[in-house]
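Next come two complexes built around subunit A: one with subunit B, the other with subunit C.
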Partner chain A sequence: MALEKHDPVTGQTTTGHEWNGIEELDTPIPRVALFFLVTTALFALGYWILMPAWPLGVTYTRGLLGFDQREVVTRQVETAAAERAGWADRVMALDYAGVQADPELMRIVGETGHALFGDNCAVCHGTDGRGSRGFPDLTAGAWLWGGEPETIHETIRVGINSGHDETRMSQMMAFGRDGVLEREQVRAVAAYVRSLSQPEALAGDARIEEGRQIFAENCASCHGEDATGMVETGAPNLTDDVWIYGGDAQSVYASIHGGRQGHMPHWEGRLKPLDLKILALYVHGLGGGR
Partner chain B sequence: MVAGLTLSERRLALVILTLLGLTGLAMAAGGRGDLMGVHGFIVLLFSLGVAWAVMAGFYAPEPGEERLSRYYDDPTRFGIVLTMAWAVFGMFFGVWVAALLAWPELTFVDQAWASFGRLRPVHTTGIIFGFGGNALIATSLHVLQRTTRARLPDQLSPWFVIIGYNLFCVLAVSGYFMGITQSKEYAEPEWYADIWLVVVWVVYFLIYIRTLQRRQEPHIYVANWYYMAFILVVAVLHIVNNLALPISFAAARSYPLYSGVQDAMVQWWYGHNAVAFFLTAGFLGMMYYYMPKRAERPIFSYRLSIISFWGITFFYMWAGSHHLHYTALPQWVQTLGMTFSIMLLVPSWSSAGNALATLNGAWHKVRDDATLRFMMVAAVFYGISTFEGSFMAIRAVNSLSHYTDWTVGHVHAGALGWVAMITFGSIYALVPWMWKQKTMYSPRLVEAHFWLALTGTVIYVFAMWNSGIIQGLMWRTYTDSGTLAYSFIDSLVAMHPYYIARTVGGLFFLAGAVVGAYNVAMTIRLSRQEGVRRDSAADVPVPHEPAVAAQPGE
Partner chain C sequence: MPEFFHRKLERSAIGFVLAIIGVSAIGGMVEIAPLFTIDETVEEAPDMRVYTPLELAGRNIYTREGCYACHSQMIRTLRDEVERYGPYSLAVESQYDRPMLWGSKRTGPDLARLGGKYSDAWHVAHLVNPRDVVPESVMPRYGWLQRNTLRIDDLPRHLKAMQRLGVPYTDEMVESAAADAMGQAAPDSGFAAGVAGRYGEETNIRAFDGEPGRLTEMDALVAYLQILGRLTDAAHATDAVETGSTQDE
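Right after this comes the complex of A and B.
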């Protein structure tokens, strides 16, 4: 069966084997293939000599260059920290007003804060800090716990209703669901609350007066008699038109009926003190800071 | 199909199905209250369904001795149909998960099964094991008989392999939807599915050995070297990587025997060699048969085949650790992974070059014949993605490419450009032979499929190259104050247009697969209308002079 044939296209002969019509040419291995086979093998050999490569029982060949990826990383981390130390130490040493007075430091805070905020805060508050339903808008100037860099820092450090020992705690009761207020009373107080920020929309609503009474008896202890909120209890200002859970009739009713309790994780222990300080300044600078 | 089995084989089939059904029943009873119970019912229903098919044909007349004078191709035909079905299924889920990355709200239903984490392994398993695996089994059984001039050893075992293998795929995919996974990439199915695959695989290996033993050719053809390497090594990889301790025999949950960095190393030794021996060696076997057949040209160089086969099988084994550069894996292991990946380039390119040089003297056919063009483009993409793979295995390059979409682009250059293209080319060559037609139902639709597939691949791969490199650069960009310039979300925002482009590319590729499935279905329908023709002389398993070839090309 084995019969070498001449292939006119390539000028080669076949190996003489044939499988269901398939034949093979006996073409020699192209020199370029052999060349690169040897080249890549030599490269590998050289790399093995220079770098950590082959296991030897409990150890391995270390390589002539003495390269060790752990050492390299440690050194790079140290170098990077040293490079940052110039401005980082100054940020830590100065108080907030001091940092804010230094435009160069504030430029760095802006750059660094952007990535820190994006990696840690943006999931809830949005990359632009504008939040979404249930997550406060940090650019609106409406602060539950205070809008100065110091109070923002404290909020980030301990969180809100978080697992931190010193966490900020705040809860709005479920006035409707827990039977404190009747359904009509909830409607009335909702109308009153909405009239504070949207007077035109609710002009002439007969329930407002009743709502004012109910508010004074039930809500003022946290939100204040003038409903401008209380930073000590984290109670929001109800007279501006900034809403965490929505300012339409249905949303306000739902908040009063079912209560609210937001959560923000605490970042102490997860972020370095420097990062907390940068974030406080960055969030303060988003537009709403006081 | 049952008509091709002898009476004793039909009885044995029912015995096996009874045992399988009882196993399913035991799983359903023992695993009630656990997700394994659901899998028990699936196994039970699967066995009942197949048993029903066997019973329906049980009293069909037995095939006579003349069956031995023909190759046994029923399992191949069945496998081709399954291949096309899995292609459409797997690519549909691919497009869905691609769309989810661009528009995360596209889960449609707020259910766990529709979340990205569950749909993604449905896509990868549907393509690799469903589409790729069925294509490999179907073509290997065809090529094996033609290149040994020996018939498969019996009728039952190939059916056991192809149906059993698909039971594994069904268990895998249905498990992901329910949340069953052992969290190893490309090895997600739990322990009982893994054990079942071992049983199936051993039978598959035995079919190969038993047929090769009875071969009527003095030499074993290259395609069979590759198919054998695929079967043997995948068995080793699968067993070693899936060694795990179930928490109970009645629970779909187990823990691997390895932990920490050893587990990671075993996983990527498996993962990379799954690429090597499942997605490369097996499909090279396919290419080595269907390309010279279709081109009607001899293989360019037998010697080059030897270099590439042994180079690929030897070097690939070491390369897995390049998936773990700059991790807790000791650096010397990374060095070995990187250097062997670089040495691997020459054998890989030898295969690609051998394939393309085989087309010398047949380039006019490549121009005119979309089927051959599928195979040519596959060889080109094989060359591109193996070069890219060796390049990305270099530590310094990997520090940029790792964890980015570049990896995804690389994988899809291989999966779409190489694996799927060579499969579609082979299927378009094989279907007319198997269903005794001169051509496919519509050669123009083959042409349409080719351009859809090529367009889709190019859009996909370019989108991911751009996306991956931008992503990698953004992650390593520092401000002059020494802190990271971009947050992760910034890089995601930058990826969005590429994710849309990737979805469009995937959609093109899926559309091509749908066209292909339709074309295959219509070809089969045509053959039914015209009735079965006589087998061609090239189909006869006994040795004889290859003077007559009634079926051109086969």
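Right after this comes the complex of A and C.
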């Protein structure tokens, strides 16, 4: 380059370019920007040495720290489990009555159970456990398969009509659709079933007596002679005011006509044994137990 | 003033363009190229199966409706995610995803381990109106899926396209794609046996939307949702929460 020119005002060198008498200053970038540039470059150098960074054909530089995200998360989960071991081991070692007798353990079960229930069960049974149409209310105390913590645990573990090898199985026939009962017979038995829980509303309904007989012949084998249900078959109690699919005339007719086969997924394999036990205790608590 | 290297480079147009290309290629060379050369970037999973035609159709609906905008399919290697959703996602689980649907935003929960978690009836009720089963949900309704008949005449071509991209569909699978889609949602029909034969006995074969007589978009989407995370068990081999741990908030 030719002779360096200096701007008379700032004393700065110029690039030598000139437009209409104005010359372009050759101001260097600010020191602070240069500082950050150099610092980040040095950080990158350190990072390359310490952490997994550069690919080298079929392998890569593993870094001096031997960092591996998968090992880190595995260790974190193990550490968390170890922190919980104090109470977790006691929950696993005690039977249900033993855990329930310990208020401190039950407080932890309540907190952990609430989180587990929210992550896994709440979308069907509701955050408050009250369920919705087709998804049973767990707070009603109307247990299809038994309301003891042991039986609740089993229901959660294997599910109902699920893919589990030991699944609980239950199916209500489609009495109307499959031609077992005539339309009027379905109406009659629906009236009888509804009269069990709503005697005033259906008082004097002429079909009830016919419905009682049809019930005894077709329904009592699962729901029981007195229609109070059977936990062995998962058949609901029809004399209480709790309905899974609705207790109005049309809903009861639809259930008898088309049958019902609820499906609850199994949770063994997805949840750990401790989680299942906590959930059994939590759900038992929701329904006031039995 | 001496001529520095950069000053020289700036003044050579071709040289400067080449330098820019070289520098901007570093990211790709470091992050993309190794996936082709380093074996351990994608795990081995001999039990990995391909999507059935019905699941692939469901996947296309998932993409069409933009589900990925609010739901991720990627459990990261973070403790809270592993404890809430299950084992972290492996690269091999997306082996036949073209394109992948990992997503980057969670307005709703992650779906990578959704398969089998809830019942078909729940999925149908939830898609028709999420508020019916989850009152606090902000998810839109997708009720028309239950009314729309699933288009199946183009399924062989969808499978063919996947085959060209390296997904190991056999020619037999491609040819019988439409029949397999019907059979998977109609367990009592004559088409069902072929699905189990071609895609394995573990394949879900049932009336996903509760109506075996009609093949709807709901069937396809629920079939897809019920297989998420279940194409291979490889991830469960690395299950970090095997030893009696519980979940935290």
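Everything that follows uses one rule, which is that the second predicted complex is superposed on the first by the 231 of 290 C-alpha atoms of A that agree within 3 Å, B and C clash if a C-alpha of one lies under 4 Å from a C-alpha of the other, contacts with A are read in each partner's own complex, and residues count from 1 in each chain.
FYI, a residue touches a chain if its C-beta (ideal position, glycine included) is under 8 Å from a C-beta of that chain, and two chains touch if they have at least 3 such contacts.
Keep in mind it's a predicted model, so treat the numbers as computed, not measured.
A.B. asks: Could you say whether A:L25 touches subunit B, subunit C, both of them, or neither, answering first, second, both or neither?
C.D. replies: First partner only, subunit B.
A.B. asks: For A:A115, is the partner it touches subunit B (first), subunit C (second), both, or none of the two (neither)?
C.D. replies: A:A115 contacts both subunit B and subunit C.
A.B. asks: Taking the superposition on A as described, I'd like to know which of subunit B and subunit C A:T15 touches: first, second, both or neither.
C.D. replies: A:T15 sits against subunit B, while subunit C stays out of touch.
A.B. asks: For A:Q69 in the superposed arrangement: first (subunit B), second (subunit C), both or neither?
C.D. replies: Both partners, subunit B and subunit C.
A.B. asks: Using the superposition on chain A described above, determine whether A:Q250 touches subunit B (first), subunit C (second), both, or neither.
C.D. replies: A:Q250 sits against neither subunit B nor subunit C.
A.B. asks: Regarding the shared-chain residue A:W48, is it in contact with subunit B (first), subunit C (second), both, or neither?
C.D. replies: So A:W48 only meets subunit B here.
A.B. asks: Using the superposition on chain A as set up above, list the residues of subunit A that contact both subunit B and subunit C.
C.D. replies: 1, 53-55, 60, 69, 80, 84, 112, 115-116, 119, 122-123, 127
A.B. asks: Which residues of subunit C touch subunit A once you look at their complex with the stated criterion?
C.D. replies: 1, 3, 29-30, 33-34, 37-39, 77-79, 82-84, 86, 88, 113, 116-122, 125-126, 132-136, 238, 240-249
A.B. asks: Show me the residue ranges of subunit A that touch subunit B in the complex, using the header's touch definition.
C.D. replies: Touch residues, subunit A against subunit B: 1-2, 7, 9-10, 14-15, 17-30, 33, 36-37, 40-41, 43-44, 47-48, 51-55, 60-61, 67-69, 80, 83-84, 87, 108, 111-112, 114-119, 122-123, 127.
A.B. asks: Where on subunit A is subunit C touching in the complex?
C.D. replies: Listed in rising order, the residues of subunit A that touch subunit C are 1, 4, 13, 53-55, 57-60, 69-70, 72-74, 76-78, 80-81, 84, 88, 92, 112, 115-116, 119-120, 122-124, 126-127, 132-135, 163, 262-265, 270, 272-275, 278.
A.B. asks: Residue numbers of subunit B touching subunit A in their complex, please.
C.D. replies: 146-147, 149, 217-219, 221-222, 289, 292-293, 296-305, 307, 311, 326, 330-332, 334-336, 338-340, 342-343, 345-347, 349-350, 353, 357, 360-361, 479, 481-490, 493, 538, 546, 549, 554
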